[in-house]
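There are two complexes below, and they share subunit A, which is joined by subunit B in the first and by subunit C in the second.
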Partner chain A sequence: MTWGRFLLLRLAAAVAALAVVSVLVFAATAVLPGDAVGVLSGADTTAAQRATLRADLGLDRPAHERYLDWAGSLLRGDLGTALVGGRPVSDLLADRLPNSVLIAVLSLLLVAPLSVVCGLVAGMHPRAAADRAISTATLCGVALPEFVVASLLVTVLATWLGVLPRVSLVPLGGTPLDTPEILVLPVLSTVAVGLAAATRLIRTAAAQVATAPFVEAARLRGVTGPRLALRHVLPNAIGPAVQSLALVTAALVGGTVVVETIFSYPGIGYELQQAVANRDVPVVQGLTVVLAGIALVVLLLADVVARLVDPRQGRHP
Partner chain B sequence: MTRLAARAGVLLVLAVAVLGPLLVTGSPTEQVGVPYAPPGPGHPLGTDALGRDLLARVLTGGRVVVTLAAGATLLATALGVLVGVSAGLAPRHTADLLVRVTDLVAIVPAVLVMLVLAAGFPGSDLAVLAAVTLTTTPFSTRVVSAATRAVAGSGFVEVARGRGDTPAQVLRHDILPNIAGTVLTDAGIRFVAAVHLTATAGFLGLGRGAPAPNWGRMVQENLPGLSLTPLPVLVPALLIAVLAVSVNLVADDLAARTAGAT
Partner chain C sequence: MTHHIGRRSMLRGGLVAAAALATGPALLAGCGSDADPTPSTPSGPPRRGGTLRAALVGVGAAETLSYFHGGTNLDFVRARAMHAALGNLDPTAPDGVRYEVLEGIDVSADLRSYTLRIRPGLTFSDGSPLTARDVLYSLITPNDDPRALGVYKTPGRNFDLAKAEVKDVRTLVLPTLAPIADGRLLLCQGNYLVLREGSRFEQNAPTSGPFRLTTFEPGQGTALVRNDEFALPGLDGAYLDGLELRNIPDSDARASALTNGQVDFAGDLAPITARTLDGDDRVVVTRSESPYVSGLFFRLDMTRKPFDDPRVRTAFKLAADRQAMLDTVLHGRGVIGNDLLSPGFPGYADGIEQRPFDPDGARALLAEAGARNLEVTLTTGPETPGMVEVATLYVENLKQIGVRATLRELPAGQLFADFPAYVKLPFAASFSVPVPPMPLYQVSYGGQNPSALGWNRPDVDALVTKARSTADPAEANRAAVAAQQAMWTDGNTIAPVFKPFVTATVPTLRGVREDLFEQFPGFSRASLR
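Right after this comes the complex of A and B.
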């Protein structure tokens, strides 16, 4: 498969996925009976007032027309206006997204090297003591919901030891970097969950390579330890490793909602949770489509990087 | 040792969740004392953020998490077997198409699906059930279709076809018995994911709302009082943790033995 064809296919798949997501989001939030009118009008409005409001908002038009309108403005970068507060959703996004990206980048900077090291240590010698310890620990880790990990960390580090703040409030007009200590607990929670999942995936890839004849040959030549792991196993397991990290990053998108909510951290996930609680439909629609789009872009980039670092994928499609 | 502990953990938490509502004496929603009271006479675990008896809430708050997770697992496994077996037996290009479509759904982060459906149907446990089913089914489908394809290509299926067995007979006598182990193991893994998601739904305030007790939401409700008494957060959080971890260990053990047997 040539690069052009490969990129074209992957892009088409990503665009198709995003289209499916947008239809799903629209169907779940706009077509169903409990629409924005119920939120905007109080309990004591008459049926006629509701009908007027419905017509004002254009909600009496057929669903497919409204979807096309909405999708069209999405494509032009217009994400609508929040019902609560009346801010454009794109403003909200510009305000909050950097904070979320900060947590994600910091987490990934820790997860990537740690998971590669743990995955290699475990995968190089399957069933050895180190592998059993790492595999059991990560098996427990992947089962734990983010909010459980986060609340246990809060209990120990913030409440009992008192070394870190319990919530991650950012002063008005400031950035999280003004008070870096508020980032520690959210990043730790994200890392704990992501590390377990990434390590398991990378361990599987490394264990498969570790049994290959060329690794055996290298061992017989006297290559051992880190050199064997880094020079012989890792280059051949890097494709799956990149894919694993991408999958974990995409899953982090869901995790941020939980972690930001628990720490009241002003990111896009916290906004989304608030919007769902307030039934602020335009915000829910805009933020979910953007978050799903980010997850898709991460996976797309991973496909490209995995192909770049693994020359075999180019020659033998 | 781990195996025994894991099984004991599963049974213990399931017993608390399922039988708890029968054992409870007081009301889980009635205010009985000051908020965040430490354990004392009458309230062995103390009270929560609104001064409700914590023990009563713990005993009644697990059922919704476990039933929703079990329901979603059953639905996802049934759908997964239906689509997966069809894909596994279908010609390769049809199967590829089915797998592509399910992969498309699998890419979307599960929490997002849950949030969107909850925004459409506020306060509905059914929306949580639908979201969890929708996001776990693709994984079941992929596992089942791979297992079916492996069995369908084996010698005994060719023999059965060769001697003139109908597709229904082949399915019943050759395919299904041989993928049963894989399906069961997969259901265990899906159940962990489902517990994970239903508990998270409770934590995020989706599904049936307050004052109904729910282990996930209890963690969220009681976080502000963590420095006064940690029990209202720790007890539900640890119950969810023990359930998810021990089910995962049991499923992993099952998977290792299924893999060893074939």
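Right after this comes the complex of A and C.
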């Protein structure tokens, strides 16, 4: 498959996926109990006033018409306005997305090398002591809910030892980087979960490659240890590794609701949760679609990177 | 009310239960409340200077500076810091209120006219004078705003604001819509704050309160500095140089931030959080006491079977093991309820016998009503600490009397988010804030208020109107007691326990209570020693 055809197909798939996501998001928010009228009106609002408000907001129109209006606005770059507070959704996104991206980038900087090393160490020698230790640890990491990991870290590092702040209070008028210590616990929490998931995926890929004939041949030639892992196994296992890291990245950029909530960190995941609680449909719709778009872009880039680093993919028909 | 999201929705809805009028009077919360023994509280004159960092419950990026729209703890604490109040309820004061912007309120003999006298020499943060026109503007503005919380429209429901007359820069005359005797209490609940005429909720708008805004970051916090123009008799400006209000929605996180040294004040703590802080020398825990407590209650829709039968309603009331709820959920730090709201306030019918825990009696009443194999679902949510836990115990109580009861717990913020849907629930949980019983009835029960879930008793409405419009205190009290007796006997509210408002602070902080409430604490008299 040529690069042009490859990219075209991937882009088409991403666009189709985004369209499907937009329909699902719209449908999901449409079936939430209550609607914008419930948010905007008070207890003393009469039924007639509610009906008028519903008509003013266009909520009395058929769902497909409302969807097309909404999708059209999205294509024009208009994400809508929050029902609660009246802020443009794009402003809210601009405020909070960088904070979540920061956590994601810092986490990825730790997860990527650590997961590759751990995955290779475990995958190169299946059922060896190192593999058992890493597999057991990562299994625990995957099994433990984020809030448990975060709570454990808080208990040890903030409560018992008192070396880190319990709450990630961003300085007013500043950024999280002004007080980097507030990032440590959220990043460690996301790293613990992301590292476990990525390591297991990379370990599986590495274990498969490690039993391949060309790796065995390398061993027979006397290539062992890091040289075997980095020269022969990693290049051939990196495709799945990139994909697994891309999945972790997409999840991190979307914000981790639990971690952001536990640490009161002002990220996009927390805002999404707040918007759902407030029945703030434009915010839920806008944030969800944008986050889905980001995830699709990350996965698309991962496809490209995986193809670049693994020449075999280019030879597939 | 407190706690994040739900509170917003609840207030927006006019407060399902107790609260509509509530937010404001809730300001009373700290008023006169007795604290736990706090031997480490510093003594001596307050010291000037320092910046207080307070952790409170707010919302996310949807937060705005308009307290008319926001119903969270943080929204109103910020508003109180920025804008001066007409007055606060103070049972120890001659009129039952401590005036702030107002010098006093004169009531006409026929109870049809209230004359508000503004203190001389008051100014906004930009040096412009605070006048009667500003006060009138502040009372009228929320009435024209369809999204304003119901509590801020209360003056408009009692006074004919369109016919209000500004006599001079310091005198405002408000005619009443009907004779009322409790207008002072109504206007001086602490929640009626003074904006400058024509101003909007913008960052650079001049303010009348002890602090002025410097930084506002929605969902994160607010930084304020002392407003040097603010002064009241005996109070020459705030003691603090600055105030930083931070949004930390989780109760445990607020407590941890306090013990970690990230903040100096943690507001609205859950009972279990407070218990973990008791005995910690690094902090001082303060619990409000009756009447400044919040009711955790349940309401039955009287228009639906089987709750249209008073025997079934009474059975449900007898089924509640109030002592167990108090001991288990509130760790013994609260007030046993008697299915009436506002315990401890003047006008509360404390002479009515305490309803017992009587499962046998409840079973007998259900049998008499023919309500066998009754199946009910109680809907609740973690809108305020303790709410779900009390509901959980109550469902078990109902099972003990043979009711097949289940609990439907909604996620945080969901219970009141869709108010029209909430008022259609047959059996729902709610919570109240401290408000005197008769004003509360007017707002949340009277005139077939939807939040009252089918309560429709014109005769009781009339008793409440009489209680509020009678100048003779004894006669007014008789009417109030009669109204509450009817509610106790026939009502659809099961109010088993009332919880205190809990705050924790660094030991060096003082003067918060002097601002007359703790649910929405004020810091005009606070100092760090």
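Following the convention adopted for this analysis, the second predicted complex is superposed on the first by the 311 of 317 C-alpha atoms of A that agree within 3 Å, B and C clash if a C-alpha of one lies under 4 Å from a C-alpha of the other, contacts with A are read in each partner's own complex, and residues count from 1 in each chain.
By our rule, a residue touches a chain if its C-beta (ideal position, glycine included) is under 8 Å from a C-beta of that chain, and two chains touch if they have at least 3 such contacts.
Every value quoted in this text rests on a predicted model; they were computed, and no experiment measured them.
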Once both complexes are superposed via subunit A, do subunit B and subunit C end up clashing or fitting? clash
Would you check which partner chain A:232 touches, where first means subunit B only, second means subunit C only, and both and neither mean what they say? neither
Quick check for you: in the superposed arrangement, does A:166 touch first (subunit B), second (subunit C), both or neither? both
In the overlay, answer first, second, both or neither for which of subunit B and subunit C A:200 touches. neither
I'd like to know which partner A:279 touches here: subunit B for first, subunit C for second, both or neither. both
Return first, second, both or neither, reflecting whether A:21 touches subunit B, subunit C, both chains, or no partner chain. first
I'd like to know which partner A:154 touches here: subunit B for first, subunit C for second, both or neither. both
Using the touch definition from the top, say if A:257 reaches subunit B (first), subunit C (second), both or neither. first
Contacts for A:87 in the overlay, against subunit B (first) and subunit C (second): which applies, first, second, both or neither? second
Would you sort A:307 into first (subunit B), second (subunit C), both or neither based on which partner it touches? neither
Given 81-89, 189-197 or 207-215, which part of subunit B has C-alpha atoms clashing with subunit C after the fit on chain A? 207-215
On subunit A, positions contacted by subunit B and by subunit C: 34, 154, 158-159, 166, 261-262, 275, 277, 279
Show me the residue ranges of subunit C that touch subunit A in the complex, using the header's touch definition. 5, 8-9, 12-16, 20, 55, 59-64, 69, 146-150, 153, 215, 217-223, 244, 246-250, 253-254, 256-257, 260, 262, 411-414, 417-421, 423, 449-451
Show which residues of subunit A lie in contact with subunit C when the two form their complex. 33-35, 38-45, 49-50, 82, 84-87, 92, 95-96, 154, 158-159, 162, 165-167, 169-170, 172-173, 261-264, 266, 270-271, 274-275, 277-280, 283
Listed in rising order, the residues of subunit B that touch subunit A in the complex are 2, 100, 104-105, 107-113, 115-122, 192, 195-197, 199-200, 203-206, 216, 219-220, 223, 226-227, 230, 233-234, 237, 240-241, 244-245, 247-249, 252
Which of the residues in subunit A come into contact with subunit B in the complex? 13, 16-17, 20-21, 24-25, 27-29, 32, 34, 136, 139-140, 142-148, 151-152, 154-155, 158-160, 166, 250-251, 253-255, 257-258, 261-262, 272-273, 275-277, 279, 281, 284, 288, 291-292, 295-296, 299
